[in-house]
Amino acid sequence: MDKLTNNQIAWRAAQDIADGAYVNLGIGFPEKVAQFQPPGRQAIFHTENGILNFGESPAKGTEDWDVINAGKKAVTVKPGTSFFHHADSFAMVRGGHLDVAILGAYEVAENGDLANWSTGPKGVPAVGGAMDLVHGAKRVAVITDHVTKDGKPKLLQRCTLPLTGVGCVTRVYTSLAVIDIEDGRFVLREKLPSLSVEELQAVTGAELFIPGPVADLICPEV
Amino acid sequence: MDKTLPDVARAVAGITDGMTVMIGGFGGAGSPIELIHALIDRYRATGHPTGLTVINNNAGNGHVGLAALIEAGMVAKLICSFPRSADPVVFTEMYLAGKIALELVPQGTLAERIRAGGAGIPAFYTPTSFGTDLAKGKPVEVFEGRSYVQERWLKADVALVKAELADPHGNLTYRAAARNFGPLMCMAAAETIVQARRIVPPGGIDPEHVITPGIFVQKVVEVPNPAQEEDLNLAKATYPLEV
Amino acid sequence: MDKLTNNQIAWRAAQDIADGAYVNLGIGFPEKVAQFQPPGRQAIFHTENGILNFGESPAKGTEDWDVINAGKKAVTVKPGTSFFHHADSFAMVRGGHLDVAILGAYEVAENGDLANWSTGPKGVPAVGGAMDLVHGAKRVAVITDHVTKDGKPKLLQRCTLPLTGVGCVTRVYTSLAVIDIEDGRFVLREKLPSLSVEELQAVTGAELFIPGPVADLICPEV
Amino acid sequence: MDKTLPDVARAVAGITDGMTVMIGGFGGAGSPIELIHALIDRYRATGHPTGLTVINNNAGNGHVGLAALIEAGMVAKLICSFPRSADPVVFTEMYLAGKIALELVPQGTLAERIRAGGAGIPAFYTPTSFGTDLAKGKPVEVFEGRSYVQERWLKADVALVKAELADPHGNLTYRAAARNFGPLMCMAAAETIVQARRIVPPGGIDPEHVITPGIFVQKVVEVPNPAQEEDLNLAKATYPLEV
C-alpha cells in the first residue's frame, strides 16, 4: 500500500497553517512541520518552555543550550523573538492564544479524544505540555501514521489508551488521508489517489463519513 | 507579520456598541489617552460606540481620557477598584444620578481576574474580600483551614493599552509604573490595540526585555508624544481639547 | 487630653519596622511612616501599582507621572528599584511576601476586624488594594487617631461599618496608645504617660486587657 | 540589604531532611547545577539532607545535577511533568524499583500551581487534564458550559534557581529560555536560593529589566562559570566529577 512519508505528512499539515498563525508543534515528528511552511507565509512558532518566534536549528557545535525547544533541541533567536517564563507560556496555551497545535498520537477517536502520552501502566509515565495544548489551542490537529507499526488502526471509535484530552482533535493528517472530526464522526476530506475508500476504511477503526467530495492527497517528494 | 496601523482612528474603528473594553492605566500612568480620545471622536462623529462596559482601575480624573469617555455618555458600566481621584466629578455625578453602573472589585482581585481571563483560568480562590460585602453571593471554600472566596475570570472584546516600545510583531515594553495593568489586559482581550511611543523594527527590542510578547497584541499604532493625564489636568484641559 | 500628632504616630509605627523589611504603606496618612525609619535600618517599600524599593518624593516640577505610588503621588527610582505589572504586584501582597502593611482605619475591632474602605451606602464606594493587603501581609498594623473627629471611639468590640478584612489587624498605633490584638482582645502595651488607664479605657469602645507591664509611649517632636 | 553569600556550600546549608525543594530548569536550561552539587556534597559529608521532595519539570539526564541528586538517594518523591530525557536511566531504574515516588503533573498545570503558591491562590480551575487519569479524584466544575478541573497550589521550603545577573537585593535576570520555571519558583518557596553568573551592585540591573524582584529571593551566590548539563552529559560526566 502506498503511503506518505513523515516529511510528506508534515508538509501536508503545513499547508493549512495561515500566514501569521501562532503555532505549537509537539516534540518529535510534529517539529518537522516547521520545515514546510508555504512560500510567502510566515507562522510564528511557540515552544512551551518559553520562546516565541524561534528560528531553525543552529549548526552542530554552535548550539546555545539555553535556547532550546520543548524537545530540548537547540533552536535559534530571530528578530522579534521573545523569552518568557512558564506561567506566561502556558497562559498563551491555556488562554486560547495559539491558533494551531499539531501533535502526534497513539490513538485518535471519532469523538475527538486523543491518546498520546501513555501506553499504559508499564514504564515511566510522562505528559509534558500535551494536556495543556489539547485544551488550549484554537485548533488541535494530529499528524500520524494511519496505522501502528503492526498494522492496527490508530483511528478508532474510542481510544483504548489513557486519554490526553477529551473531544479536542478536529483534523488528522495521516500517511493515507486527511480526516476531519465533526459531530463525533470521522469525515474523509482527502485520500491518496491510489487508495480506494474501501481500502482506507479497512485500516480505519471507525466509520469514515463522506458528506462531500474527497480530494486527492498529493504531496511533493520532500 | 505587521500589526501596525497608521493612526489611532483606524486602530479603534472596530469597537462597537455594547462591547467590553479594558483600558490600561493606574490613574494617569499608562492611560492610553490618544486611543480613548480617538474613540470619543468617533462617537461624536457617528454616535457609536455607546453602551460600553469599561474595565479600568479607576474612574477617570478631570475631563480628559477615561473621564471624558464617561462624560460623553459612552459608558454604561464601569468595573474598577477605586473610582476616586483628585477630580472625580464626572463619574461621581453620573453614578449618583444612576446613569452609570459600578462593579467594585478589590485591586488585586481585579488584576488576577484579568490575568485569569488571559490565562484560561475560569475561576480561582483568594483570601481577599472574605467576610466583606464585596464577597456577597460568591462561593466560599476552605483550604488548609482558611476561608477563600471564588472569583471568576474577566475577559474583554477589546483592550486599549499604552506601551513604550512596540515592534511590528506586537512585542511591547512599558515605561516604569505605567506598566501596571497593560500586560494583563493584553492577554485578556480578544483584540488588543496598543499605542506605543515608538515602533521599532523586529529585533529592535531585546528578547530578554520584551514584557508583552506579540501573541497577545493585534494592533499597534505609534503615538510619538503621548499626553500624560496629570499634565492635562494641571492645565485644566477638557476633551475635546481647546486648540 | 494630650495626644500624639500624626507624625508622632507614624514615627512610633516606624520604630517597629525591622531592617530589610518589605513594607506597604496605605495611601494618605500611613505614607508618613516612610519618613521616620530609624537610623541604620533600611526598609524596602512596595507600592501596589508596580514599584518595589521606590524613593522619596521628587522636587516639585520634576515629577515623572509614570513613577507614582498607590496614592498617585510622584516618587523616585533608587538603585535596586524594580517595576512589575499588577498581577505580580498582588502576588507579592496575596502571597505573603510583604512583612508589614500599615493602614489607616475608620474602625478596628477587638477581634482584629478592620473597616477602612466604606462609610456606608452613601457616596461612591472605593476599595483599592486594602482588602488584598489585609489578608496578604505577614503583619497588618493600623495607625489612627484614637477617636473620631467628634470624639467617638474608633476601637470597638465589633465594627459597625462595612469590613475591609476579618481578624486581620494585630497592632494598632493610636494618638494615645499602642495596642495589640491577641485572642480577640485589645491588649494595652504602651500609653501616653500623662494618661491614666481609666482615661484611656473611657475613649476605647472595648475592654483593654493589661496582662503585662504598660510602657510609656514617648515620641520625639517630629 | 545584602542577600549575597560567599559560596554555594553556605547557600544550601539550611536544607534539612524531608524538605520540599523546587529546582529550576527545563532539561539543562536553567538547571542550577552548582547548587545541586553542593547539596550532594553535604549529603556525602553528613548524610543529610535526605527524604527530599523535589519539584522540577523533569527527572534529570545522565549522572549530573538532578539525576545525581536522585542517584545519591536523597530524593523520596519527585513532582514533575516529563521524567524522560536523553539518558533517564537513574530515575527510571529507581522508579521501577519503587525507590522513588512520582507525582506526574501536566506542564502548564505544574507552572500554574507553582505560580499560585507564590501568589496566594490556594486553588484554581483549568481545562487541562479534564477527563484523563491525571484528573482522577480532583473536583470538577462547569463554568460557562465547559468542564474544568480544580488544582491546588504548590509551595516549597526551598527553591534552587539559576539566574544570569543578580544584585544584593535579590533582583534577578535570566538567560534566554533558562528563565522557564525560575521566576515562579522564586515566588513559591519560603527560602529562595539563587546562583547567579554575576552579582552586580544595586542599580546594576535596569528596573525595567528585572524579571524577579528581590522580594522573592532570600540568598544569592555568584557562580561565574556555571556548568551546562548538556555539556557535562556530552562529556559523559558523572557527579562527583572526576578531576
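We call the chains A, B, C and D, going by the order they appear; numbering starts again at 1 in every chain.
What we mean here is this: a contact is a pair of C-beta atoms (placed from the backbone, for glycine too) under 8 Å apart; a residue touches a chain by one contact, two chains touch by 3 or more.
Nothing here was measured: the structure is a model prediction, and the numbers come from that model.
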To reach chain C from chain A by way of touching chains, what is the minimum number of steps?
2
Report which of A-D and A-B is connected by more C-beta pairs in contact.
A-D
On a C-alpha centroid basis, what's the spacing between chain A and chain D, in Å?
30
Here the gap between chain C and chain D, centre to centre from mean Cα coordinates and rounded to Å, is 36
Touching two or more other chains in chain D are residues 112, 115, 119-121, 126-127, 174-176, 207-208
Residue numbers of chain A (touch at least two other chains)
51, 77, 83-84, 87, 90, 93-94, 136
Interchain contacts, given as pairs of chains that touch:
A-B, A-D, B-C, B-D, C-D
Looking at the complex, which residues from chain A come into contact with chain B?
20, 22, 42, 44, 46, 51-53, 77-84, 87-88, 90-98, 136
Under the stated contact criterion, what part of chain B meets chain D in this complex?
112, 116, 119-127, 141, 143-144, 146, 148, 152, 173-176, 207-209
Residue positions on chain D within touch of chain C in the complex are 1, 115, 117-121, 167-169, 171, 187, 201-205, 207-208, 210, 213-216
Which chain B residues qualify as touching chain C in the complex?
26-30, 57, 59, 81-86, 88, 91-92, 95-96, 102, 104-112, 114-115, 126-134, 174-184, 211, 228-231
Inside the complex, what are the residues of chain C that reach chain B?
47-51, 63-68, 72, 77, 83-87, 89-90, 93-94, 113, 118, 123-132, 135-136, 162-166
